[in-house]
Every structure is written in structure tokens, then in C-alpha cells.
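Chain nomenclature is as follows: A, B, C and D, assigned in order of appearance, with residue numbering initiated at 1 for each chain independently.
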Amino acid sequence: MIRIGIIGAGRIGRVHAEGIQGVRGAKVTAIADPLMNDETAAWAKSMEIPKVFHDHGEIIGDNNIDAVLICSSTNTHSAISLEAIEAGKHVFCEKPIDHDLDKIRSVLNALALTKTSVKYQVGFQRRFDHNFRAIRRGVQQGRVGDVHLVKITSRDPNPPSIPYVKVSGGLFLDMTIHDFDMVRYLSGAEVTEVSAYGAVLVDPAIGEAGDIDTAAVTLKLTSGGLAVIDNSRRAIFGHDQRAEVFGSKGALSSFNDSGSNVAFSDAEGVHSEPPLFFFLERYMQAYRDEIASFVNAIETDSETEVTANDGLQPVLIGLAARKSLLEHRPVKVEEIT
Amino acid sequence: MIRIGIIGAGRIGRVHAEGIQGVRGAKVTAIADPLMNDETAAWAKSMEIPKVFHDHGEIIGDNNIDAVLICSSTNTHSAISLEAIEAGKHVFCEKPIDHDLDKIRSVLNALALTKTSVKYQVGFQRRFDHNFRAIRRGVQQGRVGDVHLVKITSRDPNPPSIPYVKVSGGLFLDMTIHDFDMVRYLSGAEVTEVSAYGAVLVDPAIGEAGDIDTAAVTLKLTSGGLAVIDNSRRAIFGHDQRAEVFGSKGALSSFNDSGSNVAFSDAEGVHSEPPLFFFLERYMQAYRDEIASFVNAIETDSETEVTANDGLQPVLIGLAARKSLLEHRPVKVEEIT
Amino acid sequence: MIRIGIIGAGRIGRVHAEGIQGVRGAKVTAIADPLMNDETAAWAKSMEIPKVFHDHGEIIGDNNIDAVLICSSTNTHSAISLEAIEAGKHVFCEKPIDHDLDKIRSVLNALALTKTSVKYQVGFQRRFDHNFRAIRRGVQQGRVGDVHLVKITSRDPNPPSIPYVKVSGGLFLDMTIHDFDMVRYLSGAEVTEVSAYGAVLVDPAIGEAGDIDTAAVTLKLTSGGLAVIDNSRRAIFGHDQRAEVFGSKGALSSFNDSGSNVAFSDAEGVHSEPPLFFFLERYMQAYRDEIASFVNAIETDSETEVTANDGLQPVLIGLAARKSLLEHRPVKVEEIT
Amino acid sequence: MIRIGIIGAGRIGRVHAEGIQGVRGAKVTAIADPLMNDETAAWAKSMEIPKVFHDHGEIIGDNNIDAVLICSSTNTHSAISLEAIEAGKHVFCEKPIDHDLDKIRSVLNALALTKTSVKYQVGFQRRFDHNFRAIRRGVQQGRVGDVHLVKITSRDPNPPSIPYVKVSGGLFLDMTIHDFDMVRYLSGAEVTEVSAYGAVLVDPAIGEAGDIDTAAVTLKLTSGGLAVIDNSRRAIFGHDQRAEVFGSKGALSSFNDSGSNVAFSDAEGVHSEPPLFFFLERYMQAYRDEIASFVNAIETDSETEVTANDGLQPVLIGLAARKSLLEHRPVKVEEIT
């Protein structure tokens, strides 16, 4: 039984606490949050989590805890990662490790230097989504042959708040980062160059906050293939999450998931449900499966499915995309240092 | 060039006149209608049909005409068929040949006795629909293995007028007759027994006229398999025409056709076009192709794809269905004589 | 917290034990099985079920247990139901309550006479399937208007063993019973008459065992509408579970669920995953939700969503179907007493 | 009756000759081709085209001809256009008018100066495809609100021959030109800037011929929106022709057309037909409708649906795309002069 401590009792921390209930061989034994209060403690009790703390150090220092889930605010991810690695705990860290390359690299260095077999997994949960996973499997089986083009459509149902936009690192590091990871995951190749276009079409306040809300990004891959990503901060019809890998032998395409597949026909046409609106609905299965995968990596002493390097690469691509947008030119990823 | 005379300038006669324009090797050289008037003559002229008559005998007697299309009212089909066969003309006869078994059989007898190689085809145009034809082809290729179940959903967008209902022969001989033919066409088997349920749910006036407007019919096939047909005189969303053949190795299913495949997504869901509403839209390609097939049978001196016997069998099944409904019991087709 | 005892540790008992892990407010505190052995006890331990018994009487007599799940063999359902009701425990009973009408009625009588507010729910889990539930919701909202026709396609991926066939009560009581329930659930009407056709097409041994493996059943509803069910014991492509409700204002149709919605295009065509093959995959969400609904009925002291009468009606219809097949005629449900 | 002369009896000339048979109010009265031979003359006779010529001047000079279809090789389009305009004939000119901007502009000038009401239409047939047209209609009706993103997927089933590649003007002017037109057509906006990525992934010989076979192009629109096009010279599964317009109120998406919508289910999955393989199959309806539209513009003396300016703009965008690829930077369309 892997004993898990969750650091951060906000939305994503709770999602994981609930998801772990369906994961065999793992149990949450402690949760810490600097804002721990009666409501959160009551929730933790209802989840049968025995210990609650304000200070995440209590979890890091607990010898009866095998692994930590870092679900705190982004600016604490790398520091807590270092503490946990130092303490010999397995780490599941929500994305991104950081927006600062040096901080991410300090985590990679700590992992390289540690003498214990610490597992480290980054929270790119979409890799565990049943649809994207089926594409990946098909690509690896050679069904599409050589990969010529990866297409990702990724649109949120609603833009975040303007205060969040200001600290988010910008669309490319906050939102497209998932798609950069997806391009790597689906193609099995690395990204060498980025050409980014952006626009402010959803809400002018996003532009005033220095960000964009709509983007089209073209990527060059080490394999010679291309990738195209389109993003919007607001698809009125829900969380629009589709991918296609096109190659010499065929194409694999995924579509959105809905609450049911029921079609209603009337005089106006045939109507089906919109895509699942919220990312928690769409990716609930993925959130559960990523933790199951993390637990499995610990139990079998094998590499995690999303390594620290997988946490680093999309940040490099995201920084290249930001530079491309600012300088209005294609930018090679190797320009980012 | 096969020279065709059309007998009957009503809706279906005009559909064929227009369809033939796209058929290589055939041309309409005359059209006859007892109600021939200036409007119809003008239309014929616009279609470049050189001769117009009141009396269909002018067509039967014209040595420069190779084949006739019988598109007149149902009660004239068998008599005109006999005249045309006697005159050595190839015959394409709209369905049904007749509702009276003796009259149908007189046509089969005439064909058996004729010394010339007269071609005779019945107008079950759905056999030429691209979707149903693809199912048939798959069944014949053995893709579904042994046929266990044929399912036909067949619903009209609007009920006919009450006067028409009264002379239509009833739902089973007017509407389901197409589906009885489709069961034979898709399964490659004959029907041995019928169990029919009916209801008046669309319009009470249909019930007052002695007919039903909703039906569920179960059929036993010579192969041992079963078939299920459901009918309605009014599907508010359009012409609902689907089929499925299920067997030991798999299933082939067809769906409705629409004007475009465009999907519109908004907050309420994903919306696509309703099925093509009217049978002339849905089956225009089939109407053209059935004539092309008829012309080809003449040119190559081969059997037509819908023989006079194919015209007889669905009437037998329809009469059995009518008897089943009236007597509230399963009826064997061989009971119908 | 509702404390649950599970009676029967076979496949379905374990499915429920696992499903309950995702149900808030409920926990399994005991499990009993006459064949309880080390393997089962170890499994129970891994599920953190504190007590294991051979004798289900230990659960019935345990004052710390609020509700029982009867997952034992069918012939014990009604007797254990009576014991549990007598003991004032809430009962979730797997379908069917029994094949014997008197035994089912004894349960209904016991419920009518009990002075405590005992909840009783029958395990028709398909009512909780997201697709069927969406159809039901649409029908209740009036989207299809008056219900003219209900169509159920229900095919298993593989026939049961011949020994099972012999004790199953026959296809109509073993398999179609779910579809009879679904007709009632989707239409909101009762069934008045049944006309059943059957065939042995999948495996002659099923016929030798006195059963059929393929069926087409037509039903008359109190509302005047009709229903059509088709069954097969073997759909080579998986668990084929679809429904359609057609009415005066439109139609609601559901399709099969697959593991992913990924489409693969190659020179042969566009290929997607087959339906989920096994009923446990297809209905896992439904198994969890039916227990959540049962727990909710207890917590809120409201009627369960599948009452004992909902357990009785499909057996009546099933017996009528059996009689219809044997006597080769339509049979009214009121003939079954 | 509009009397049409076709100039060029190659593949596309014949496609139009056949398509016109289904167009009311038009008839082909002459066809000219410098390579006119017995086979072509026989074909023309079978099509009931009365006159055949070697010299297109015979058509230009024929007072009994109202309109010409220019279906000759691309390098003759602008010169013949000028001759026909001079002669007062309506002109339908296959795309492109030319690759040389001066030559295109000479046609625009001639049209501006002509005193007769000469109609001029360019052969972007995809505007008449039922799917793309349905998207356009929805956009114009305001269904998607403000257009944020246009996505075009456009892939050919097979690359052209290498000799053709060498004279084609390159992928952007030969193939993507249709997609540039489609972006304008669907969005209702003009293109201001182009950023093009290309690769040689299908056949190295295409690269050796100085061209690319795979492309991803991003466009900026006057409306502020973006557009993304992806191209391949070979989609093994057929002619892949899809579009999506995403905006503030929703999205409209079109999919590929197939020969039938039949789905075959077996143990491996659910299989449907590939997209129509060849552009003549996919766009036959569009080829017919574009001529019907041209005829209608003549009859009603209204503007054609694809003007000479609509012929110019995609060439400008294509030249910008070529420059972007060569100079590895975004290029404004106004840079092209």
C-alpha cells in the first residue's frame, strides 16, 4: 500500500484525493494546506484522510508517507519538489514544475544526484485520457506510418479571471503547454522550431493584461514532420479537445466526449450533447489513471510515464512560442536557454 | 440509343424524364397522358421530348419506341403492361404491378409466353440507393455471415391525403411494400410468415378511413432468420430510411442521408441537418440509376434487377400482413393465394 | 454512513463491492457467501471489508448493518428478501426477484405489510446507464411528444454456458427481461400484449437445451404505442445495446459506447473501436450509480428508482413472451396470473 | 437557352460537358481543342455537341455562341479570356487565370473597360460543394458570431507527376490556392499576412523538383481572426477535404463525403467507407452547380459568384506564401505587387 500525502487542498488536490479512492494499492494518509480550515478538515475527514496539516513540512518529514502529490500554487512546485526528493519521497508534481528554466533544471539535477530510486511524475493528465492514449498507441504500433502532421485543437470553455491571467505566464505557458506536451506524446518526436500567431478576440481585458486569448502555433519536429495547434480561451460549446495524427499510412483522429451519445431528431435537425464542458468532467478518468500509473511506477520500480524532462520540454517550447509572438518570426527551441 | 416512351406525365413520370437526362444510351422520345394539357406539353418541350400524346396507345403502337415507362395510375399498370409486352416493348413499370394477384400473374404469364426477349422491370427504386446497395453488396460478399436479423426503419415525413389513403390498398401494400422488397433484397431470402401490429397514432382520420399509420411487422425468412420492420406515416424530422443486417460474422447498418454533413456546435449541443425530407430528394440518384440499370439490361440482353416476380412477392407479403393484422395472428405467406 | 452487507461474493457481488468504493455515504461492512474461502476472504480484506461469513444469516442478524445487497443465486432472492425485510433492513436485490410469480408477490406483500420504512430496489442497472437515462429524461421532458414506438436492440457478445441456459428460465426471463424493463422505463407506459418470435441461429445446443438464442418481440403499450425488441445471444462485435424512442415530435436514439472515439483512416476506410465487449465494462458506471441511488433513497427516505413492482412487471411480460412463442400467437399480459 | 462553347477537351473540359447535361437553360454547341482527334470528335458526337474545332478562334468568332468555358492549359487562360471578353462573350475560366499578376490584372482591366455586360467567373468549384456552402451560409447567418479561426484540411489522394510539379507553380499556387479561396469564402474576410511552413515527406522527387508536398500555413484576416491550412499531396485514404469555422457563438465543421454511409461492425471494430478518393467524384455536384450558377448570372444579369478579383486574390496569397517559405518569415500580402 503506497501511502500518499497531498500538499495543497485546493481544487486539484481534492480531485486527486477523490480519484485515489478508485486506485488500488494507494491511500491518502495526510493532507496539508497553509489555508487549512474547518471546512477543509471536515472534507478531509469525510474522505477518511487521517491527518491534516497547515505545514507541508509535516508531510515531508513523516516517515510513514511514501509519496507526495504537489498540488500547491505553481510558484512553490520546484522548491517542494526539492524538499521531497531530498527526503527520499516519490513525487507527483502538478504541471508546470516552474516557468523558470533554472528552477526546473534544479529539480532535474536533484533527481540525477539522488542515490535513492525516487520516482518523479509531472501532471500532464491528458496523456492518460482514453482518446489521446488510443492515438498514441496507434502511432506506436505504426498504424499511421511516418508522422507527417500532428493537429491539436484545444479550447477552454471559459477564460480564466484577469488576475489569474496576469500571473499565468501567458497563454502559451498556461494553456498551450498541455498541447506542446501532447505533440511530443503523440508524435514521439521533439520540437525544434515554433512559429506562433496570437490574437485578442475573446475579451479585450485579456489583451490589456498583456496576454492573448486565441492562438495558432506551427511547430517543426525532429522527425521532419509538422504540427499545428489552435487555441481559444472560450469555446461556447465546451471543452474542445481533439487531436489528429496524419502520416504516410493513414490518420488517427479523436473527437470530443459528451455526457451521452443520445441524438435527438426533430424538424430542425439532429441534435446531440455538447462536449463535456469542464476539464474536470472531461479528464476525471485521466486524473485517476495518472495516479494509478504513478503508483504502478513506484510499485514496479519503473520510470514514470511523464518524467521531469517531460516537464521541462513544453516550457522550452512555450518560451519559444512567446518569443516568436513577440518578435514576429519563427524561433528555434535551441534559442531558449 | 434506347428510345423510351413515358406513359403518365404526373410526378413520377416527370422524375423519370429528368433522371433519364443523366442516363447514357437512352432518350425519351414520347410522353402520353390522358390529362395532357398545355402546361405539360410546354414542360415536355423544355425537356426536348419530341412527341406528346393523350392516348398511351400511340406510344405502344410506335415502332420507333423500344421501351415504355409505365407511370400512370396503379389500376392501369397491369393492363398497359400486357399491351406493351404484346407489342414487344421492354417495360419498366412503377410499383406495384397491381394489388390483385390475378392481374399480376397475368403479367407474369404474358412474359413467360412471349417469344421476344422483352425486359420487364418493377420500380422498386430503393434497391438502387447507394446505402442499401452497399449493404446488399456486403451481405453477398459474406461480410455478415449467415443472416440472423434484418431490420428496416421506414418512415414517411407526412401522411398522404385521406382520399389517397382510401384507394392506396392500405399501409402494407402502399408503403411497407417497399420494405418487404428490401427484406428480400438485403437478405437474399424469401419471406414465409408475417406477424403484423398496427396502430393509429398520427391522425385519427386515417383510422376512420380504415387504415393504420404506424406499424411493426415481424417476418420469418426461408433461411431461418427473422426480419423486423417499423413504419410511421409521419416522422417530423424527414424521410427516415435505415436498414441493418445482423448475422453470424457482423452487422451492416445504414443511416439517413442529409443535404450536408456540416455540424454546428453551440452551448446547447452539436446540431446537424435533418434527413433529406422528401423521397424525391433522398432517392433521386436511385431513380436515375434504376433506369440506367433497365437500359443496361436491354442493351446487354440480361435479366433486369427487379423482375416481375420481384413485383409479385411483396404483394403476397403485404396481403399476409393485412390478414395478420385483421385476424390478430401470425399468417403464413402460403396462405395467400 | 449507510453500512452495507453483501450476500453473495460471486462476480456481481464483487462488482458492487468495488462500485461502492466510489459511492459517498456508503460502506461495505460485511460479506457472506456459502462458498466463502481463503481467496474470497483475501479479496474482501484487500477491499477493507471487515467481516466475512459463510452464513448470510449473520448479516441479516447484525444490528450494525443498515442494508443488504442480495447477490446470491436467483433461487434464493425472494427468501432472503423476506428475511431481510422482516429484519427491517433495506434491500437491494439483483434481478430477477424470482421467476415464480407467487414468490415475487410474497415479497411485495411483505413490503406492503412492513411497518418500518424499508427500501427495496431491484437491480435493473441499465436504468442508470448514462445513455438510456438521457433518453428517459428527454421523453419525460416531452421532447418526442407522444410515444409511438420504442425500439430496443440488445445483443450479448457471447452465449452463456449450456448448463446455465438450462436453469436460466429461458432467453425471455434471463436476457430480454432487461429490455422489457427498458421499454417500461423509456416509455413510461405498461405493456399489455406480447407477440414473440424466436429462432436458434447461434448454437444448436441452445435449441437442444430447450431455449432460443435469437428473438424479435413486439409489444403493445397502454399508451397505444408499440415496442419492438430484438435479441441475439451473440453479436461478434460486442455488447450491442441501443434504444430509440420515436414519437409525434421527434426521436431520441442512443448508440453503443466504445473504449475511445478514435477513428483510424486508411485505404480500406475509416475504422473505429467496437462497442465495449463485456457488460461489466459497458455498465460499470451504471452499477455504481444504481447503488448511489439506493443509498440516496435510504438517506432521503424516498422511493427507490426500481421498485419491487418494477421487478414483477418484466417477469409477467417475460412469461407472456414465453407463452406467445410456445402457442404461436399474441398473448395479453393479463393472461399471465 | 445559353449556348456554350468549350475551349479545351481534356479532362476538365469533358467534366463540364457532362455536367452541363444536368443544367437547365444551357447547352454545349461547340468544343475546340488543338489536339482534336477522332476519339475526341466521337466523344463530342456522343454528347450531341454539334461542332468540333481545332482552333478556339472558331468559337470566339461564332455569333451563335453566348459563353465560353476556358478549360485549356493554364498558360492560355488569360489570353483567351481577353479574346473572349473582346468578342463580348461571357467567360467561365478554370482556375487560375494565370500565375502572373500582370496577366491577371490585364483581364480585370479588360472587364472594367468593356462596354457590354460580360460575365466572368473563375472555376473555384469548391465554393459550390454542398458542405462548404452550408458552412458559408451558416457564417453569413451569424451562427458562429465573429469569426475567430478558419481551419482547412486539404489533402490530395496522390501527388501529381513530377513533370507536372515542375510547371505547376508550386504547391501553394497549384493546390493551396483552392484553400486560400476557401478561407476568403468561408470567413468573408481578406487575408493580410501569411506564414508558411513546408516539408518534403511524401516523395523526395518532389523536393528535387523544387517543390514541397506537405504544408502548414497560418493566415491573418482583416477581421482580426486567424486561419490555418494544412496540406498533403498524399492522403492514402482519399481526398481529405474538411473545414471548420470557429467563432464567438459556436463552430461549423464539415467532414468528408463517402460513397455510402454504411457501417460494418465486426470483432475488430466499426468500419465505414473511406472518403471519396478522387476530386471528380467528390466535386461532381459542385462542377455542375458552378456552371448552373454561371448560367444563372448570365440569365439574370447579376454578378457571378466567383469574380475575376476572386481569381486574383488567392494568387496574391499564394505568392506571399511562397515568399514566406523561401524567406522563413511572415509575409504581408501587400508586399506582393
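The rule is simple: a residue touches a chain if its C-beta (ideal position, glycine included) is under 8 Å from a C-beta of that chain, and two chains touch if they have at least 3 such contacts.
Everything numeric here is computed off the predicted structure, so don't read it as measured data.
Under the contact definition, chain A and chain D share the contacting chains B, C.
For A-D, the equivalent interface within A-B, C-D or B-C is the one where over half of the contact pairs agree by residue number, namely B-C. With centres computed as the average of Cα coordinates, no chain lies farther from chain A than B. Simply put, chain C must spin 180° to overlay its Cα atoms on chain D, rounded in steps of 5. At the interface between chain A and chain B, two copies of one sequence, more than half of the residue numbers in use are shared by both copies. In terms of their C-alpha centroids, the spacing between chain A and chain B amounts to 57 Å. Averaging Cα coordinates per chain places chain A and chain C 39 Å apart.
Across the assembly, chain C contributes residues 235-237, 249-251, 265-267, 273 that each touch 2 or more other chains.
Only residues 146, 148-149, 151, 153, 155, 195, 197, 199, 201-202, 214-216, 218, 220, 224-228, 230, 232, 234-237, 240, 246, 248-251, 328-330 of chain D touch chain A when the two sit together in their complex.
Against chain A, in their complex, chain B makes its touches with residues 235-237, 265-275. Residues of chain D touching chain B in their complex: 21-22, 24, 46, 130-131, 133-135, 138, 143, 249-257, 259-267, 273.
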